[in-house]
Structure formats: C-alpha cells, structure tokens
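In the two assemblies presented below, subunit A is common to both, partnered first by subunit B and then by subunit C.
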Partner chain A sequence: MSDIKIKSKNLNVYYGDKQALFDVNLELNEKEVTALIGPSGCGKSTFIRCINRMNDVIDICKVEGNIEIDGIEVNDKELDVVSLRERVGMVFQKPNPFPKSIYDNISYGPKIHGKGETKSELDEIVERSLKKAALWEEVKDRLNEPGTGLSGGQQQRLCIARAISVNPEVILMDEPCSALDPIATAKIEELIDELKKTYTIVIVTHSMAQAVRVSQKTGFFHLGKLIEVGKTEKIFKNPDNKMTQDYITGRFG
Partner chain B sequence: MNFVLIFLITIFSLSLFFYGRSKTKSLSIQNNIKLNALPKFYGYYLVLWCSIPALVFLLVWSLFEPVIIKSIIIETAANQGAIFNDKNEANLIYEKIKAIHLGTFFGDIDSILKESAISYAKFINLFTNSKIVLIFGIIIASVIYSLKKIKNNNKARDDVELILKGLLFASSLIAILTTLGIIFSLLFESIKFFSVINIFDYLFGTNWSPQRAFVSDASAITAAEYEELKDAFGFIPLIAGTSFIAFIAMLVAVPIGLFSGIYMAEYASVKVRRLAKPIIEILAGIPTVVYGFFAALTVGPFFRQVGESLGLTVSSESALAAGLIMGIMIIPYISSLSDDVINSVPQSLRDGSYAIGATKSETIKQVVIPAALPGIIGSVLLAVSRAIGETMIVVMAAGLAANLTINPLESTTTITTQIVMILVGDQEFDSPKTQSAFALGLTLFVATLALNYIAQRAVKKYREKYD
Partner chain C sequence: MSNEHTVKSYEEELQFLIDSVIKMGSLTESQLIDSMDAVIKVDKDSIDKIIKSDDEINKFRSKIDTQIMTLLVKRAPMAIDLRETISSLKISQDLERIGDLAKSNAKKVKPLPLDLPEELLSNLKRLGELVIKQLSDVLDSYVNKNFDKAKEVWEKDEQVDDLTYIAMESVIDFLSKDKKNLDFSTHLIFATKNLERAGDHITNIAESICYLIKGEYLKGSRPKGKVIQQ
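And then the complex of A and B:
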C-alpha cells in the first residue's frame, strides 16, 4: 500500500443554493491513478476542482470541509494558490492550448513560476516536458508554430506537457479523452500509465473501460455523494454497493 | 394631387384583399376544388398586383414630368421670341414662367412670358389628366389580369413570395444605387478639380489656403495663375493635422477604453457591469456638437490658462483640446467593442492558465489579450476611422488655419473642417476652391473605407479562430 497523498474530510461544495458535494471523504494514494466515475452532474469534476482550488474562479461556489495534500490544508485562506497550482496541475476536457506557439505554450508555466531563467534552461524544460508527454518526436521541428494548429490528440498531449512543465506532484485530469478519437485516446492512456511512475494522477472519466484500463483505485460518485471507493478490480468485479453494481453494468447513468 | 392618388390606390388595393379572400373561398366551395394556397394569399396577391404597378408608374411619371414640361416650355418660349444665351438664362426664364403661373411673380410681365405661362398651364393640365387616366388604366388592367389568375387557381403563395422577394431586392438596390450615386458625384467633381490642379501638386503640396485661389476664368488658367493656384491646394497640412488630432484622440481613448473594457469583461461583478456599461455608452450618445462646444468653450481656454501660468503660448484653439475631447468621445467605442471581444475569448483558455498557477492579471496579459488582439485591433481601427471622419469637434475646437505643425498647443486643421469652411456661404460651383471640397471628401472617403475594410478583416479573422 502506497502512501496517502491527498485526503478529503467532510467536503461539502455549494453552487449558490444548490449543494454539489455531500460530506465526501476520499483518500488518494501517491503515484497511483485514481479514477472517479459516475453519471453526469454527480460531482466528480467538482471534487477534483477542489484539489487545486479551481472553484475559486466561480463566484457563487462555496467549499466547506477539508482537503489535505501531504498534510497541508488546501482550503486554508492563507494558502498561496499560485504555489498550490504549481504542485497540482490540471488537464481539461477540451484541449485548450493557448493561442501561442508550441514552445510558448510549454514555457508559459515555468516562466510564471520563475523557473528557467536562461533560454537554454527553458529549452531543456520544453524538451523534457514534450518528451514526457510523448509529443516531442512529432513537434520538435515546428516548435514555433501555433499550438492550435495541432490535431485534437496532439493538442491534449500538449496540454499534458504544459501541466508537467512546472514539475507538479499531482495531475488532475477532467475527462481528458472525451473529445478525442479512439487512437488518440489509446495514446493518452499509454501516457497516463507512464506518468503514474512520477505523479499522482486523478482522472475523471465517463468510460468505464478506461477506468479499468488506467486506474488502480476507483471512486463512484452519485448525486454529489461518494457511494463507494476501492481497488479498481474490486469495484468492477464485485462492488459492495448495489448502486455501484447497477452503474457499472449500465443499468442507469 | 399625387398624395390623393397614392391614398386612393392604397385604399382601393387594400379593399381588394377582402374581395380576393372571400372570392377564392366561394370559388373553391362552388367548384369543389382544393385551393393551391390559403385564401388570404389570394388577397395579398390582389393587393400587391393592384398597388405596385400603379405606384411604380406614379413614381416614374413624377420623376420625368417636370423635366419634360420644362424642355417643352423653354422651346416654345424660344419659338415665341424669348432670348437667352445659355442654360442658366433659360432656367431663369422657366422659373419666371412658373412664378407667373402660380401668381407669385412680381414685376413686369411681357407678352412672351405671358403667352408661355398660358401654355405652361395648358401642359400642366394635360399632363395631370393623362396621368390620372393612365393610372386608372393600369389599375384596371392589373386587376383584370390578377383576377383572371385567381380564378384559374394559380399558385398564389409562390407568386406572393416572389413579389415580396422582388420588393426586398428593390430596397437593397436603392441603398446600393444611392451609395454608388454619392461615390460617382464625389468622383466627377474631384475629376473636375484634378483637371485644374495636378493630382501630385495636391497630394504632396505643403500649403493649404484655398481662399487665395481666385481665378478669373476657370476654363482658361494661365501658367502664371497655376503657379499661384497649386500653392493653395496642398493636401499635406490637412492630412497631417487630421492624423495628428486623431493620434492625440487615440492616445486618450485607447488606454482608457481598453482598460475599462478589460475591467468590464474580467473584473466587474454582474451588478457593476450592468450599471457601468450603459453609463459609459451614454458618452457615445452625446451629440458631437455638445462635445464641440465643450472643447471650444471649456477645455481650450482652460489649457490656455494653464499654459500661460506655465509660461507657454497656447492657442485657444488647439490640437490638444480637440484631440482630447475627441478621445473622450471615442472611449465607449473602444471599451464596448473590446469588452465584447474579450468576453468571447473562451473560458477554457483562462482555466488553463489559472490551473498552471497564473494570476488573473498574468492570465489577462499573456493569454486573454493575445487571444483577443485581432478583435481589439479591429475596434481601434474602427475608432480611428471614426476619429478622422469626425467634424463638429474639430470645426469648433481645432482651428481653421492649415499649420503644418507637431506642436499640440498650436491650432491646426483637419480635412473635415476645411470641407465645412469651403462649402459654408455662397459658392461658385465651377471654381477650383469649391471643387477642392469634393476632392477632400473623396480622399477622406477612400481613407476611412480602407480603414474599415482592414478593421473588418481583422475582426473576421479573429472570429474564424474561435467559433
């Protein structure tokens, strides 16, 4: 059993009057992939957005309860969000490269965090990140071309490279393959397998097959509640909860 | 007379609607057939067929009637022994005859004019009567035609759609033709101007003083006169003044407008935005003449006082005052346009930037603004074309003398101001001075057209990227 990296305790989230998460208690292990599954609107994305405080961006969103990363409270008002997000990277549902060159897309993060003072250091970071995201071979000759000109799958790997450019400890992925075709999806899944050696990964997915393929631990959310969590094998073979059973066999959702 | 006719045509054709509707209904019941369209379409069909040909005829007739009568009258007057040497004198005689007919002529009436006035009255009568007869003929013919069609159960719906399409097309055609007409009149007058003044002397001359341009006979200008003339129509000071004032205006409007646009789009809460945006847009609703006297009566003298207390000579009409006020006028254009383009930058880009740890201002500076840049440039270019075409503020506050200067405290002048100055008051229409206004207008038109075109291209390019 690996160490616990992220731990949430009685996490409640409200969007205005509507409560989106109810007393979520979840532990995520270090250097492991945790998949969060559940029907649309069940709070999976809301949960991972709590980990890097992306919910701050939404005016009406209110978070109560605790989330700790390595024992440090994330919801602490005093916490520096910038350095939190340096430690916790995020990849979104739709690839969202900046309207800049491939190189600038990757060097954006390091520059913001004051890493890579010289050009050669930056070059190195860009190359390393792109290599880790398995994109280097495809783009090394056109680093100055716009990132928006890449294919959807390449764009998503570019976004992954962007996320790992600042050396995070955790990577959050919010349905990273939902806008991609099966081949591009396979590439990303392969990449996730590789990345988990270095990073703690949380992935939200609608594809149960994907959860089985990439994750070691799975949490099932329904209507804002964490219904069941456990080893992926167990969740998909013999879940304790009837609702989990119904969901993974496609009876609802 | 025409109004009575239009009224009658309208009433008559509208009443045909009810006739057509009930007629087709009863026809379908009588003969037990299925109509090709709803009964009301047969009503519309009758209305359109009965009104449009008659109204179009009336319009065309009214356009040509005066011209034809005039030429006939002038000819008969000449045959009766009236003497006139050129077109202007002929026009004068025609106006006299008309005035006699209307009973508004005071003066000696000689027998020739009297005779002509009588024949004028005859012609007017003849034309009016034949107009009425023809219109009724047209209405009867078109009613017979359309009734016959209806009885044959025509496809009234398709026909009505076709006629409506034609009407809409005609409207857009009128808009286009008007534009073309304006362009051509600008062009022709400008060509007259450029046939006197060499276009290069105009474009590159550095002295503008058209009030000096006295020509005894515009059709025969001597070489010596031309030397004088070409010095009076140099475009450079005007374009310099115009660009200079527009530049000052942009110095004011671009930062303030852009920053307030960014604030509205990125920082303001919904409440603040809902309150502040209309208030900023009020600025765009203030008539330019109000800005003008504000610039001329308040800001200009204020600058002069401040300047004097600092030991500077400031003219009370200065490029600075005009540019500053013009800039304030333009703020809402830039702020609301850039607010719109910034808002249409997808949220996912901002999320991506926040997620990597960028702050709000870093995100705006490095992601949002670059993404919105083409749209922002477009809005600035639109504002520039607004600035160089602006007239009232500069007429009142910038000054009249065409100084070639880059000192913002001196007075300078613009293209629009000079057009106003040239065309105010009595004009000889064949003097180069008057025609130069058209040349200026044409130059201004080409400049703003080019700017608008570039601006629209920029905005369009931006849209393609994010839709």
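And then the complex of A and C:
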C-alpha cells in the first residue's frame, strides 16, 4: 500500500451561492495515478483545482475544509502559492503552449523559480524534461521553433514537459487527451505510465476506458459529491454503489 | 438489471445476447432429455435426430460468439454489463460441451442390445434425471438471476458424483457376471461418465452465474461425492 500524498477532509467549494463540492473526503496515493470520473459539472475539475489553489483566481469561489499535501494544509492563507504550484503542476484539456520557442516553453518555469542559473543548466533541464515527456527525439533539432507549430499531441507533451521542468511532486491533468487523436492519446497514456514512477498523478477524464487503462484508483463524483472511490479494477468490474454502476454502464438518465 | 441504458440499441443488444443464451440453454436441455430417453429406451431410431440437433447448438454457440465480439468492440461494456457479456461466453461454451456429451451418449445406443435388464439401466436413469434437473435449475437461475438457486445447483453436484459411482458399480457388476457383456458395458460406462462430466459443466455454469450476479467467485471448493476410479 502506497503512502498518502494528498488528503482532503470535508472539502466544500462554493461558486457564489452555488455549492460545487460537498464534504469531499479523498485520499490520493503517492506515485500512483488516480482517475476522477463523473458527468460534466460534477465537481471533479473543481476538486483538482483545489490541489494547486487554481480556484484562487476566481473571485466568487470560496473553499472550506482541508486539503493537505504531505500533511501541509494547502488552504493556509500564509502558504506561498507560487511554490505550491511549483510542487503541483497542471496540464489542461487543450494544449496551451506559450507563444514562444519550444526551448523557452520549458525553460520559463525553471527560470522564474530560480532553478536554472546558467545556460548549460537550463539546457540540461530542457533536454531532461523533453526526454521525460517522450518528445525529445521529435524536437531536438528545432528547439528554437515556436511550440505552437507542433501537432496537437506534441503540444500536449510539450505542456507535460513544461509541467515537469520545475520538478514537481504532483501532476494534475484535466482531460489531457480529449483534444487528441487515438495515437497521440496512446502516447500520453504511455507517458503517464512512465511518469507515475516519479510523480503522483491525478487525471480527470470522461473516457472510462482511459481511466481503466491509466489509473490504479478511481473516484466517481456526482453533483458535487464523491460517491465512490476504490481500486480502479473494482470500480469498473464490480462497483459497490448503484449510481457508480449506472454511470459507468451508461444508464444515467 | 437496474435502469435501462441511455443508448437503446445497447440495451437491445445485451438483451438479445441474454435471450440467445437462454434459447441455447433450452435447446441443450431438450438434447440432453432426448439422448437420455434414447439410452434408456434403447431407441436407435432417434440417434440421427439427436446428432443433427447438436449442429443447431453448435451454430448457436458461434452466433453468440459473434454477438459478444460485436458488443465488446462497440460498447466496451463495464461492471454488470461486462460480467453479463463474459458470462455469456463462458456459459455458451459449457452448454456446447453438454450438447456434445449428449450427442456422444446418443451414439452409444447403436451397439446396445434391445433386451437390457431393467435393473442395469435404473441407476443410469436416476443419474440422467438428476443431471437434467440440475441443468433445468441452473438455466432457471440464469433467467431469474437467482444467486441462491445457482449456488444450490453448485452444491448439489455432489449428488451427481454419488449417483455416478452407484451407476458405474451396477454396470461393472453386470459386466463381471459374464465377460460377453464387455462390449456394450463399456459403452454404458462411458455414457455414465459423460453424464458426470455434463454435471461438471453445469456446476461451471452455476459458478459463472454466481459471478455474474455478485461480481465475485464462490469461495471454497465445491462439495465432491465419491471419486470414481479412472
């Protein structure tokens, strides 16, 4: 059994008057992939955005309850959000490289976090990150070309490389493959499998098959509540909750 | 099953698969009844019909295979649907084997003399009736998704083992009285053994049904009756 990396306790989130999460208690294991599934608007993205305080940028959003990484409270107002986001990287649904060169896309993060002092240090980080994101071989001869010129799948791997360039501990992925074709998706999934050896990964996905393929643990959200969480294999073969079963078998009215 | 699928055609495909297994089950049941009848009555005229109807069962099996493959690629079934699909595959395999065993028994009627003593056949008859009842019960439990009934069948296979032992003994006893009985007695021994094996396939089906319903395999090993010397 792995160690717990992230733990939420009675987590409630409100967007103005509307409550988006209700008493979510969820534990995420270190160096494991946890998939969060559920219909649109069920709160799964809201949940992962609590992990790196992305909800801070939404004025009307209010977060109550606890969420801890390694026992340290994320919601602590004193906590330095910049260093939190250094520890918790994020990859979004649509690849969003900076309108800069491939090299700059990767080196930007380490630079602002003071991680690459010299050009050779940065070169090394760029190469290592791109290699980890399985993109190096495809782009090593054109590092100065714009990142936006890459294919969708390559752009997404560039974003993953960018996320890991600052050496985070956790990577949040919000539907990272929904804009990609099956081959690019397969490459990302293969990459997730590799990355979990180093990082704790949380992935939000609408593809059940993807959740089965990439994750060890799965949580099912519905209307802001965590309905069921357990080993992925158990959730998809024999879930305990009828609502989970109805959702994953396509019986949701 | 719970609510219906949002996609209606998925619902229909799954139901069609279940219906196919039920139809295949009832064909197999008739096949087993007919072949048992042929053995007990030494009815040589019915052999061809039984052999032919086994082809029907085999065709059903291929049809079910195709339906399952289509379902798997089209719907990627999950949870109860996945278990339903996989159970259909396993149950249809066992039904096909039961059909084969029934056919094999029908073929054994050919060399039997018409004047077999009744006491020789009576134990075989009892065994046949029990196996037919087991098949009928297990199919009922499939139709009604009745876990307890499926488990009961699984447990009752012990009785099939015991009756097999008794039936074997009476054939061997008969054989030992006069060596000229050797030829057809061998056929009766095989027929008895075939019924016992059909019973094993029925317990496999019961196990598949229990897994289908609860999502976990029955714990422990099945109660077993007297072991027949091979």
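Observations, loosely collected:
Here, the second predicted complex is superposed on the first by the 252 of 253 C-alpha atoms of A that agree within 3 Å, B and C clash if a C-alpha of one lies under 4 Å from a C-alpha of the other, contacts with A are read in each partner's own complex, and residues count from 1 in each chain.
We take it that contacts are C-beta pairs under 8 Å (C-beta built on N, C-alpha and C of every residue); 3 or more make two chains touch, one makes a residue touch a chain.
If you're wondering where the values come from, they're calculated on a predicted model, not measured in any experiment.
Three-chain overlay on subunit A, with subunit B and subunit C fitting side by side and no clash.
In the superposed pair of complexes, A:R251 makes contact with subunit C only, with no contact to subunit B. Of the two partner chains placed by the overlay, neither subunit B nor subunit C lies in contact with A:I106. In the superposition on chain A, contact of A:M208 is made with subunit C only, not with subunit B. When the shared chain is aligned, no partner comes close enough to touch A:C50: not subunit B, not subunit C.
Once chain A of one complex is fitted onto chain A of the other, the partner contacts of A:A161 are absent, as it touches neither subunit B nor subunit C.
Of the two partner chains placed by the overlay, neither subunit B nor subunit C lies in contact with A:C177.
Judged by the touch definition given at the top, the superposed model places A:V63 against neither subunit B nor subunit C. Contacts of A:L122 after superposition on the shared chain: neither subunit B nor subunit C is touched. More residues of subunit A are touched by B (comparison of subunit B with subunit C). Seen from the C-alpha centre of subunit A, the directions to the centres of subunit B and subunit C diverge by 130°, a value given as a multiple of 10 for the model superposed on chain A.
Superposition on chain A leaves subunit B and subunit C with their closest Cα atoms 33 Å from each other.
Applying the stated touch rule to the two superposed structures, the subunit B and subunit C interfaces on subunit A have no residue in common.
Touching subunit C in their complex are the following residues of subunit A: 208-209, 236-239, 242, 244-246, 248-253. In the complex of the two chains, the subunit C residues touching subunit A come out as 2-7, 10, 75-83, 214-216. Looking at the complex, you find that subunit B touches subunit A at residues 269, 346, 348-359, 362, 366-367, 370-371, 465.
On the side of subunit A, the complex with subunit B involves touching residues 52, 54, 57, 59, 81-86, 89-90, 92, 94, 96-100, 108-109, 112-113, 148, 159, 162-163, 165-166.
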